[in-house]
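We call the chains A, B, C, D and E, going by the order they appear; numbering starts again at 1 in every chain.
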Amino acid sequence: QDAVTLQLKWVTQAQFAGYYVALDQGFYGEENLDVTILPGGPDIAPTQVIAGGGADVVVDWMPSALAAREAGVPLVNIAQPFQASGMQLTCWADSGIAAPADFANHTLGVWFSGNEYPFLSWMSQLGLQTDGKDADGVEVLKQGFNVDPLIQRQADCISTMTYNEYWQVIDAGVTPEELVNFKYEDQGVATLEDGLYVLEESLADPAFVDRMARFVRASMRGWQWAEENPEEAAQIVLDNDETGAQTIEHQTRMMGEVAKLIGDSTGALDPAAYERTVATLMAGGSAPVINAVPEGAWTTAVTDVALAAQ
Amino acid sequence: MRRSVLPVLWVVLAILVVWYVAAIPMNVREVLTQAERGGAQVWGGTAAERQERSALALVARNPGVAMAGWSQERPRLPVPHQVAVELWQSTVGEEVFGRRGFVQTGEFSNRSLITHAGITLGATVVGFLIGTAAGVLLAIGIVHNRAMDMSVMPWAVISQTVPIVALAPMIVVVLNSVGVQGLLPKAVISAYLSFFPVVVGMVKGLRAPDRMQLDQMHTWNAGTGDTLRKLRLPASVPYLFASLKVAIAAALVGTIVGELPVQRGGLGARMLAGSYYGQTVQIWAALLMAAVLAAGLVGLVGWLERRTLRAMGGAA
Amino acid sequence: MANAASLSRTAGPVIEAQGVNLVFQTADGPVQALRDVSLSVAKGEFVSFIGPSGCGKTTLLRCVAALETPSSGRLTVNGMDPDAARKARAYGYVFQAAGLYPWRTIAGNIRLPLEIMGFPRAEQDARVDRVLRLVDLAGFGRKYPWQLSGGMQQRASIARALAFDADILLMDEPFGALDEIVRDRLNEELLGLWARTGKTTLFVTHSIPEAVYLSTKIVVMSPRPGRITDIIDSPLPRERPLDIRESPEFLAVAHRVREGLRAGHIEV
Amino acid sequence: MANAASLSRTAGPVIEAQGVNLVFQTADGPVQALRDVSLSVAKGEFVSFIGPSGCGKTTLLRCVAALETPSSGRLTVNGMDPDAARKARAYGYVFQAAGLYPWRTIAGNIRLPLEIMGFPRAEQDARVDRVLRLVDLAGFGRKYPWQLSGGMQQRASIARALAFDADILLMDEPFGALDEIVRDRLNEELLGLWARTGKTTLFVTHSIPEAVYLSTKIVVMSPRPGRITDIIDSPLPRERPLDIRESPEFLAVAHRVREGLRAGHIEV
Amino acid sequence: MTLVLLAVAVWVGGWALNGWLTRGGRERLRAVRVAVPLIFGATILLCWELLVRGLDVPPAILPPPSRIGATFAGNLPVLWGDFVQTILKGAFSGLAIGVAAALAVAVLVDRFDALRRGLLPVGSFMAALPIIGVAPIMVMWFGFGWQSKAAVVVLMVFFPMLVNAVAGLADTTQMQRDLMRTYGAGYWATLGKLRVPAALPFVFNGLKIAATLAMIGAIVAEFFGSPTQGIGFRISTANGALQLDMVWAAILVGALAGSAVYGIITLVERGATFWHPSQRT
């Protein structure tokens, strides 16, 4: 069996159900692969892990992957299971924000560590400064990874994922009517999320490409299975969660939402979506994520092989 | 010993009372918002307007409603009995009745604090041992080599001003990249935090023998090794144990910090997970568990100290 | 007694100092701790050193023990240089405080130098037993130092210095920390021990009666710079009951010592 | 001298103890530190307490200073109970170690009790100056304690006890840590000081010559339980040169003290 | 490979030089005392540089010190802002509050024995608690600004400081206390003239520990939420963007601040406890 180590971008949750399902249901085994899944966390940069040789393939968001590419870690997207972005800004309706134009003079919570770039790009498109509250500026907070800032009203808006944080706000007793959501997808600033990335030099090895093809194929089978069996998938995620902190209700719901973002994806990257992402990132105001249009940041070599054999 | 039991009980009681009382104003805003959602009339205007009012005023003007601050599901400040219930459920409750509990599966559940305390304990002990060994060796070097004394000591101090905890994720990743995984990266961080008190204490201890005792050794024509084994090391034992008590607490902090970035179990991971999902009660339960662990470890070192000193003919 | 007396005449001087000087380099400049010290000690003698604080008594003893090296002058111990004598384990050193290790029993403390010197285990036991009996502490071997009175501790410390059978006993105010009554008692015992073993003994003290009572020779020293101002050969018989201290000969020697001291003494 | 002598007869006893008992409750059971102690000290007397370690000398002094309370018996100081006397600042206490605060200069140390007692600043300065001269330390006021020799520190500590002009001076082995020569010197000075000030003085010591040399009255004590075995009124004149110590009267008193001590003394 | 060998040579050379400097009486020179640790530090930096280059360590894992230095120098305004946010606002205010509270409580505890017997065991229990765990809670309570960082710092420094101060206030001999009694001194006089001065060495000891903890606490708390400024913010965001040189530059700011504070406390200590045997040599 060929060994593959996968580094996730975040903690074990249904966001990565496809991989856990493929492992649990033996899809990887059927492809003659021995897969190890490493969960991530807030301060684990998958790009760093793969640069240091700690993983063969990582799940990452495209902004961070392209930034790493510019920083000298040549990552290449080999597959893109997530077709749509689940990122959004969730605001209190009673804070007087009804449209993006109302952001001015409010406090917005944003995730950093690579996720701030689409946001900055958006703000610069809106003509808003990000260095303090005033008539044409917003105050930005580096938000932790929970929804407290909104609940405690320390921020008027916070970043949420459609599949996770948004529901935590709802779970905290807030009714959907009290909230207003701005999806990045709807605002035209969406960037590609959870894709699979490898180091460019590895791709020179045909054996590696073959291994990745089998990996992608099995992973997509996993995703398909997970979409069809959301409850079982959530249970598999729970069984793999080493912190033992997840609940089945939340993960089942997350699975349902994640399925919407994957849709009917085959795993192949849509070049148009890639171009859109690059455009968004290049427009990123004073400090763009990437300064030059990246070359060779994606390949269909792996998905071509994976899909051909299906 | 017995004379302090009663005062301690009083202090604990006082803490509990303050805790319960404080929970009401701490939780009042959320309590009021929820009451409002349930259709109740509350004083203080809208939720946004209430943000501007003082919590005490809100409590005073909504006396009946505010008491719900003791029974919220996601409180800002959980009250002691909520934490106690969570502690019970995530230990005994989970192991006995849980689907993956000990009773069902013969293994400890990964949802149980017992498992996580065990993971943390393992890394803490390994890190502590590494840190102690490194500290003792470094101290021996410092005492016997003036170049080392003069050059290493200032840097040992500076090393402790490096925010190692901020480095923790990087250390974990870098060690990961050279194939070191699991317990060891955490142990390295706890070793880093625990070696310093040991160095400081041991340098003091190894230098505790006075001029007369060293001269005595000299008159017997004892070598460096003999002097170390028969004089310096035994003389440093009380200093060593005093440092070990600080070091083991530091090691625990190191482990927990090392567990924060890597969600692979342990009390640190548990605290962070609690934070991700807004489970304040879970954070507090993990914190309390960590405190129990800390007290246990320090107590264990204290017990070892008493035994050792008694074996060494101590008068105490 | 006869034993000691006969031994004391067998050979040339055990310790021989000629024009010894010692200067310490300190932050405030050089301190002359010993100036032109000349002294000869025969085998079996009991020599006391007395003098005000800082006059160099300890320094002189430390030179003999090779714990300090004279800046100039000649000093020999058993005809060799002091460091060679140290390596040949020529002396036992007893300090002011008993300096027993609290983590070792009395027997363990006495055994310590024997372990370091690599005596075989059985031999160690035999020697520990012997010296414990010698200082009248048989049966106390298993006790820890803090379980004994100050006087008993000091005897154990003497036993430790005797255990490896050094030729010379160096004692630096061994009874300084004890009260007068205990001290009287130990003085008597030390005298007996010296008679039994015939060891050449150098003894530092601040007490005039103690010096006069114990010694065959009294060396009076004076500070700044530390030097010898008087050497008195005791006319007292070797057999000395405690109340010899009220005899006129005793008082005469004591008077001479006191005068010597007062002459050399400057500011308190 | 004449001054002290005349003062010493003016009034009733300054300190009066009758059947004083003191029992310490310890972990190993009760320890009788004082048993049936009766004593009367007149104004201007110099009383020495001598006895083996643990016989209760310190405890007795502490009772007088109201630092301990007798379990039974009657004890008065200046006719009041000791705690009232303490609050009236009836005495200065000098301990074995000088016990100067290292963070204060010598002058600062001497000023300490004056500050506490609320003397005005000018008065404080005047008194500090006066006692510094009294103990021969003029010019050393700005030094820190660790910059002085042990003897000088001890004199500073006496100065501190004198500064607020207490009636009674309590001294617990004030010279125990010093060497004999320095001690002789300080004994002489203390005698002079006593003559000049006429203070009633209680003085604890281990040294027979010291006790005999200084005192108008010597109290011999014996341990387990601590009690008074002998009270000797000194026949020596008040004028005492140092070499009075070689006089027959002196030796006779010393002998009596020594006998008293030896009788009460048990095991070393 | 040659660079690696060079690193080994530098290491050996550095030690040889220090060994020579610290022998034969040279160690007493002031210049040597300063030079020796500097040489040691320089040796480490040089070895680091050579090893990173020689072994081709990717800069995303460990940048060479020269690059860190360049980044530090090139981003002074940004780093200054981080320093102000984290150290001046977060750490110092927390340190001041925590230390003041601990000293006040220490006096109370010293005054009332029952309080000491009750509070100290609880205190040492709390001191062993991994306070880091409360950082997310403090951010939730006190918001994103420096206030929550200060709160974490207060909690971290309070007990170590309290324990030291109480030990210090009790560090008087029976004789010293008796002396005060014979002067008829009351509680406050004894406190002001005896206990407080006697406690100073302990207080400074506690301060040194507290200052180090304060830096760590303020930085770590920023990982759980912060404004877009601060050392902890910089470290975590730069790490996510693989700008490891920036990460190390921010760490350097923390270490410099920590060492400076430590040094200042040591100097003040030397002045205030000049009389203590440990300061006299």
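FYI, a contact is a pair of C-beta atoms (placed from the backbone, for glycine too) under 8 Å apart; a residue touches a chain by one contact, two chains touch by 3 or more.
Keep in mind it's a predicted model, so treat the numbers as computed, not measured.
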Query = Through how few touching steps can subunit A be joined to subunit C?
reply = 2
Query = By label order, what chains touch subunit B and subunit D together?
reply = C, E
Query = What is the chain whose Cα centroid lies farthest from the Cα centroid of subunit D?
reply = A
Most centrally placed chain - per-chain CA mean versus overall CA mean = E
Query = Between chain pairs A-B and B-E, which one is joined by a greater number of C-beta pairs in contact?
reply = B-E
Inquiry  = Using mean CA coordinates as chain centres, what's the gap between subunit A and subunit E in Å?
reply    = 38
Note = The distance between the C-alpha centres of subunit D and subunit E, rounded to whole Å, is 50
Ask   = Rounded to the nearest whole Å, what is the centre-to-centre distance of subunit C and subunit D, using the mean of the C-alpha atoms as each centre?
value = 34
Request  = List the centre-to-centre spacing of subunit B and subunit C in whole Å, with centres computed as mean CA coordinates.
outcome  = 55
Remark   = subunit B residues touching 2+ other chains are 76, 169-170, 173-174, 177, 260, 272, 275
Message = Going by the contact rule already set, what residues in subunit E reach two or more other chains?
response = 61, 136, 140, 223-224, 236, 239
Ask   = Which of the chains are touching one another, listed as pairs?
value = A-B, A-E, B-C, B-E, C-D, D-E
Ask   = Residues of subunit B touching subunit E in their complex?
value = 3-4, 6-12, 15, 26, 76-77, 146-147, 149-155, 157-158, 160-167, 169-170, 173-174, 177, 249, 252-253, 256-257, 260, 267-268, 271-272, 275, 280, 283-284, 286-287, 290-291, 294-295, 297-298
Ask   = What does subunit E use to touch subunit D in their complex?
value = 173, 175-176, 178-185, 189, 193-194, 197, 200, 273, 275-277, 280
Task = Write out the stretch or stretches of subunit B touching subunit A in their complex.
result = 29-30, 33-34, 37, 46-48, 51, 73-74, 76, 109-112, 115-116, 168-170, 172-174, 176-178, 260-265, 269-270, 272-279, 282
Message = Please output the residues of subunit B touching subunit C within their complex, sorted ascending.
response = 212-213, 215-222, 226, 230-231, 234-235, 237, 312-315
Note = Counting only contacts in the complex, subunit E reaches subunit B at residues 15, 18-19, 21-23, 27, 33, 36-37, 39-41, 44, 61-62, 114-119, 121-122, 124-134, 136-137, 140-141, 212, 215-216, 219-220, 223-224, 231-232, 235-236, 239, 244, 247, 250-251, 254-255, 257-259, 261-262
